[in-house]
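Just so it is clear, A, B, C and D label the chains in written order, and each chain counts residues from 1 on its own.
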Amino acid sequence: MGGFFGVASKTDCTTDVFYGTDYHSHLGTMRGGLAVIGDAGPIRFIHDITNAQFRSKFEHDISRMKGAYGIGIISDYEDQPLIIGSHLGTYAIVTVGVIQNLDALTQVAYGKRTTHFSEMSGGRINPTELVATLINRESSFVKGLRSAQEQIQGSCSILLLTPEGLYAARDRLGRTPIVIGSKPGAHAVAMESSAFPNLGYEISRFLGPGEIVKVTGSRVQQMQAPGREMQVCSFLWVYYGYPSSTYENINVEVARNRCGAALARRDQSQVDLVAGIPDSGTSHAIGYANEAGVPFGRPFVKYTPTWPRSFMPQVQDHRDLIARMKLIPVKEMISGQRLLFCEDSIVRGTQLQDIIQRLYDYGAREVHMRPACPPLIYGCKFLNFSRSRSVMDLAGRRAIKELTGKDKPADKELKQYAQPCSGKHCAMVERIRKRLKLTTLQYQQLPDLVEAIGLPKEKLCTYCWDGAE
Amino acid sequence: MGGFFGVASKTDCTTDVFYGTDYHSHLGTMRGGLAVIGDAGPIRFIHDITNAQFRSKFEHDISRMKGAYGIGIISDYEDQPLIIGSHLGTYAIVTVGVIQNLDALTQVAYGKRTTHFSEMSGGRINPTELVATLINRESSFVKGLRSAQEQIQGSCSILLLTPEGLYAARDRLGRTPIVIGSKPGAHAVAMESSAFPNLGYEISRFLGPGEIVKVTGSRVQQMQAPGREMQVCSFLWVYYGYPSSTYENINVEVARNRCGAALARRDQSQVDLVAGIPDSGTSHAIGYANEAGVPFGRPFVKYTPTWPRSFMPQVQDHRDLIARMKLIPVKEMISGQRLLFCEDSIVRGTQLQDIIQRLYDYGAREVHMRPACPPLIYGCKFLNFSRSRSVMDLAGRRAIKELTGKDKPADKELKQYAQPCSGKHCAMVERIRKRLKLTTLQYQQLPDLVEAIGLPKEKLCTYCWDGAE
Amino acid sequence: MGGFFGVASKTDCTTDVFYGTDYHSHLGTMRGGLAVIGDAGPIRFIHDITNAQFRSKFEHDISRMKGAYGIGIISDYEDQPLIIGSHLGTYAIVTVGVIQNLDALTQVAYGKRTTHFSEMSGGRINPTELVATLINRESSFVKGLRSAQEQIQGSCSILLLTPEGLYAARDRLGRTPIVIGSKPGAHAVAMESSAFPNLGYEISRFLGPGEIVKVTGSRVQQMQAPGREMQVCSFLWVYYGYPSSTYENINVEVARNRCGAALARRDQSQVDLVAGIPDSGTSHAIGYANEAGVPFGRPFVKYTPTWPRSFMPQVQDHRDLIARMKLIPVKEMISGQRLLFCEDSIVRGTQLQDIIQRLYDYGAREVHMRPACPPLIYGCKFLNFSRSRSVMDLAGRRAIKELTGKDKPADKELKQYAQPCSGKHCAMVERIRKRLKLTTLQYQQLPDLVEAIGLPKEKLCTYCWDGAE
Amino acid sequence: MGGFFGVASKTDCTTDVFYGTDYHSHLGTMRGGLAVIGDAGPIRFIHDITNAQFRSKFEHDISRMKGAYGIGIISDYEDQPLIIGSHLGTYAIVTVGVIQNLDALTQVAYGKRTTHFSEMSGGRINPTELVATLINRESSFVKGLRSAQEQIQGSCSILLLTPEGLYAARDRLGRTPIVIGSKPGAHAVAMESSAFPNLGYEISRFLGPGEIVKVTGSRVQQMQAPGREMQVCSFLWVYYGYPSSTYENINVEVARNRCGAALARRDQSQVDLVAGIPDSGTSHAIGYANEAGVPFGRPFVKYTPTWPRSFMPQVQDHRDLIARMKLIPVKEMISGQRLLFCEDSIVRGTQLQDIIQRLYDYGAREVHMRPACPPLIYGCKFLNFSRSRSVMDLAGRRAIKELTGKDKPADKELKQYAQPCSGKHCAMVERIRKRLKLTTLQYQQLPDLVEAIGLPKEKLCTYCWDGAE
């Protein structure tokens, strides 16, 4: 998915940009980048962070950076920030999102002959460079940002760094969040508000969908008012976001505790212990345990000193190995116990299958699973969560295929499977339960999830569960 | 403190030694090392791990290592393993512990003229090389290990790697643990049994104090029976050990849950939320919340993706910065709340002071603290926990000094302060509470801690709390 | 200056491109780059080579490169090769030369709004990216290359790598050389033919000025015939080229030997030893010694094992230190001797001043200097030899300023100083001789130099000596 | 072979030790090391220099070093300098040479039980650590150094760094050279005097065989007078030494010029060009050309910018590749020519065979070879020149085997082959000539070589040519 962070300060911003970007590390695994603009023009560094943490890669660079305005990015694939020379001046730019019509926009650009792309890797165009070409066609940065948002299908939030100020543009439907933080002498722009407190910023306000602001050390100026329509990603609260972050005034940890509580209220199971599948299940499980009055505990402990990532590498083999190595079982809390686990969502279920088997190997009497959201049935096309994964790998779709024999059932049929308490839904869940060898399996119902998050349904994107666009 | 891991296998042991040693990373921050013995003689690598994780430093080395027997170490200061050529043959050796009479033993060695030390850094002798000279003076490895244990004051657990097998010697009073794990075709020796399950080993048995075994791929042979006296470090269960580890048949997570429960049973406070100061306080807090029936929650979340260490660097400034940066507050769970925190032990209290202040800044109504052990009053002299810290920095000693005006009160007076419920004890605790601005502060009482761990008092070292030797 | 090398092969070309590019290392000190095009699209690596040799930086990369066609570059400043996506397809490109009208061409590009630049450093545009935009405006690569050559003022030789073949375009007036080498199954394109013999290539032909060819594994196809006018840089034979290279059918070492012989023929000095100021003076000195029948010797030996560069860093301080450290005097060959040195050209004379002083310190009786070319009076504007040096630093210009008091004398006056045997010329040379404390100083006369090279005067660029354009 | 450099200064010596050691880089290819002794005790760094130049590996370390006394080493195999703690105090030590009785001395050490070795690699003892144990057995450094020299068979020159001064001990028979250099406020100790001039030192005096001195910032004190017997290695002047170095008051370049001249005086060949096989043959060839009055030239040019090493890696395959890649032929100086080459010594002849074949491929009419020394017949046992090479690989021994059928002829027979102008000698040379396809081959005669060097025969080791001990 990726995440960005920017600062406009009255003094040097480098340290804040460095730490603030680092606090977005859970949002990407491949590339990191920093740029500042100072008297000597833009200074930029980009590193591969596949095998190392962001800070260790950039800690030597920052002594060579100096400037009042700066941006940073944790990027999934492409090099960022880009430094772009154009008729608008020289600027740095980062983007987060998915451009569904990338190929069509590229062909339009090539039709002009005068446009080229130089940030290629393996023949693929860097989407951020494409966004820059859309911006450059207009006569000002704001017009360019507005025009780019209009042309892009999918989502694209942008930070654009100029000597005159830092522009932040949230994607047109607000699928990804942008939040403004302030402290004396500086303003910051982030995707994760959890980057703020340790750097001294307080949340000032959340940008609305499509809103554009220009930020300097002294003020935040609205350049484009927000649109009315919003489709913010629900999965941020369920899984992607950091527990200490807040979007649209709703904190992630609190929302997760409510998710767990909602699960508990619909549940009658008699168990000895409630636990979360680390990391993301933990907050849900705490909410469940507190609501149900059942002891919370940790039958698995994560080895954080050296297996720190919460995100996974893109190669499935490594992902499975790491998933296994980083969790250490506590036999004494498993043997002979009736265990109930909360999990964010069963995506494919393969790692979970291994975990459940190990629980039985260690003597668990019962293993109950309570995912914090409904079964995933549609692959996300608005953010790049699933670029390397086929929609057919989803545990729900796999079960549907076993039941219907179809890879791609009609949308109407899919919608029936998505309907909680329907016969089709129950059959699908039962298939998944059997495959995972669970004692019981109960998913969150979508209305409960929406209520736990606390926004009106029409402002939330729930596409991956109910196909609603 | 440091930690080691060894394997004797019928096939190549490199991968197991690599991952098994990595699982001891929380026990040291400075140096890591690996050695295997194969047909080509010993192969060894040592790296500085101050700024990088163990695995990233050694992942290229292991392709160049091959051998059935191997050892690894996470070391606090000195280079290890050493490869020693001697009349007994060539071997590799690692040690964990503190040699109090290092200088006296060195002078004895120099008296012979024929002994030198070459593993020096900044003019200081590498204690492991000294241990090797003690072993070499005898006619066999077992006699040498026994003689070394007799001469060393303090503690010293040893792994000694030879082409014929792997010797493991637990320190004379069993202050540090050694556990044997087994799987078909291989045996492993570890300090932390949490290294076993993900590598396929099951706990086979715990070495007794001073016990020596020789391990090969096919068997574990006792070379020296354990002594009767034991003084295993209580702090392993309170703080140092990994939650998924087990010593003397007692699991750490379970013992910590019992600690928290014991605190709850003596407590009448009305609070909204129970939480742990991450990481080590978490297990204690879970035990407290479950016993008290009060909701458990996370007003602070640790940023594990890039601030993974649970241990701290030796430079205090960096330690404080990191302590602050790695914990992110969740304002929504703090504001207006009555919070009760469990913590392992208030060592100096300076970081805690900062955390507590931030809680009030975020609107906490009350902040109660429940350390899982009694106040630390004596500095450890058996393991190198406190090499860089003065005993006078301890929160307890500082309070005593304020009350008595004395840096070093008579031992009798100190013992009065250590006595729970005594007037002097209460005055000391009140001083600490006031300094930290806590609503209430209640320490664990030593008998409760001993009971929570579950070993007889005489088998536990409780020196840092009551000065008992 | 920079140098490039490309291969089109029927099999994988990576190794040849790697070693062939390395053999251009004397032409640049800052950046190196490699790109191949294979089934997986273009693969590119760029490294800073300021503090390391080209091979050591790329030796790990080449295992990840595979493709039949490839290019490499030693670049003075900018990142190269660039990978460009355009309506013509995706290609890689490297250039060598100086674009004098870079700013004007950039403004034209910005006027179109649809053109941007993303290969910026410190706000400066990468000239190779500009060249790419010029090419992209046309409907084919050949038309684009032709159009680029027409628009560029200065010089620009280009390699352009596409899946269909490798285009090589020599700059319009042939200031820099391009030579084609062939072996069974492969063709190579180089600036230095010295890259050929150890890789098995034989010189096939030299491209003419402005000539464009398309090279595949099976043939070399002329796409644009050479122009009639040529202005190849004379300084290649005097200083820049490697002794084992050949341009326009004339070998460098042989031409330098002829230069030395020409100096000897005009010389009557009685000396004990003839020597070259290493490295470039050596070949001239051998020619002198052989012609004059005076012993050749080495009063200075270069410490090649660790001071290998023949080129200099751009920072003058470091340049002077390195110049001093890499030459070791042999006192036994200096003390009491009458020494005659050949040097390529006295550029600024500061390092030479130091060397000459050391010769006297070691007891030299006489020190005679014979530069292989006339005094440098005009700064080069066609290749970037002197980017970091002011024309006023030139020893000749400095002398002229002392004599005339003028920084910029009229061109007519400058031409008088350039005239050998004229009174003004002799006064200038005498000034330089005195400053350097030389016993005698005699420069090569331009007609002798032209004859030693062996091309008609009108085909050689002699601008830096006589200002002729 | 290896080389060392040490400084005792009144101020910080780090820079001098760094550059001075670097100037010994041609003497080793594997390991480099530096140590200084300052107020903070000894500080040491060791790096692998197999794939990088000495300076690039240590340039970051030197900012962390500070001390008035320091030593450095280029080492062929083992880690050096060692830091040794002993009853004499803590010191650093480096050695150069070969200890033939290493195993016997080790067994003696083990007999004492109290001696161990910890600087092992692959089970092998580090000879320098053994030397330290010999020194430590005595009651003072000087007694220890003297005792070590008496016990060691082979050769061993030593630098020993203490807080009180720097001890230098030349090997008992002076096989390797040690020279003292002085400048105001500092004295330096080197193997290669070529390290002195660029650091401001002048040669003060050469140590005699077995001589021991103690050097401080203010004086050089003789602690042990030199022995009468000397056996300095002749090959230093022929091949190993740097041209700008001087041993026993005889400069290398000058001696090599005399070698070439001696070859010329015995030669009647009519040739067009005299050349050296780079690097070491160059000085011999210059001497030949000057004496014979035949033009000197360079039909091969070495690509020094990136193939800088004059020494070779230990793996033969790589050696051959590098030997080929670093020399570039100049076809114009080869085709149709009668060429005469000087070479230091034909060791195995395999690389030479390849070079000669290439000369014919490039059209050479005749190829004559003139080695600067007689055929190598005995493998060196006093310095580790040939550790990885069998004596049977020597071109001379191979020819003898072909003629006699014997791997190890009787010493008497070998001596007959060593006798110049004898029938056996001529037959051996003719065999070598034929194998190498040379037009003519004439070796230097030993008396001519001895005269060219300029020391009495009895002071030179000529073992590799005539077997004289």
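By our rule, a contact is a pair of C-beta atoms (placed from the backbone, for glycine too) under 8 Å apart; a residue touches a chain by one contact, two chains touch by 3 or more.
Remember, it's a predicted structure, so these values are computed and weren't measured experimentally.
Asker: Can you tell me the least number of steps between subunit B and subunit D, where a step is a move to a chain it touches?
Answerer: Minimal hop count between subunit B and subunit D: 1.
Asker: Roughly how many whole angstrom separate the Cα centroids of subunit A and subunit B?
Answerer: Here the centre of subunit B sits 37 Å away from the centre of subunit A.
Asker: Approximately how many whole Å separate the CA-defined centres of subunit B and subunit C?
Answerer: Distance between chain centres, rounded to whole Å: 63 Å.
Asker: When the C-alpha atoms of subunit A and subunit C are each averaged to a single point, how far apart are the two points in Å?
Answerer: Those two chain centres are 52 Å apart.
Asker: Among the chains present, which pairs are found to touch?
Answerer: All touching pairs, sorted by chain label, are A-B, A-C, B-D, C-D.
Asker: Residues of subunit A touching subunit B in their complex?
Answerer: Interface residues on the subunit A side: 19, 22-23, 25-26, 51-56, 194, 197-198, 242-244, 246, 251, 253-254, 257, 279, 282-283, 286, 289-290, 293, 295-298, 300-306, 308-311, 324-325, 327-333.
Asker: Mind listing the subunit C positions that touch subunit A in their complex?
Answerer: Touching subunit A: residues 40-43, 82-87, 90, 106, 109-125, 129, 132-133, 136-138 of subunit C.
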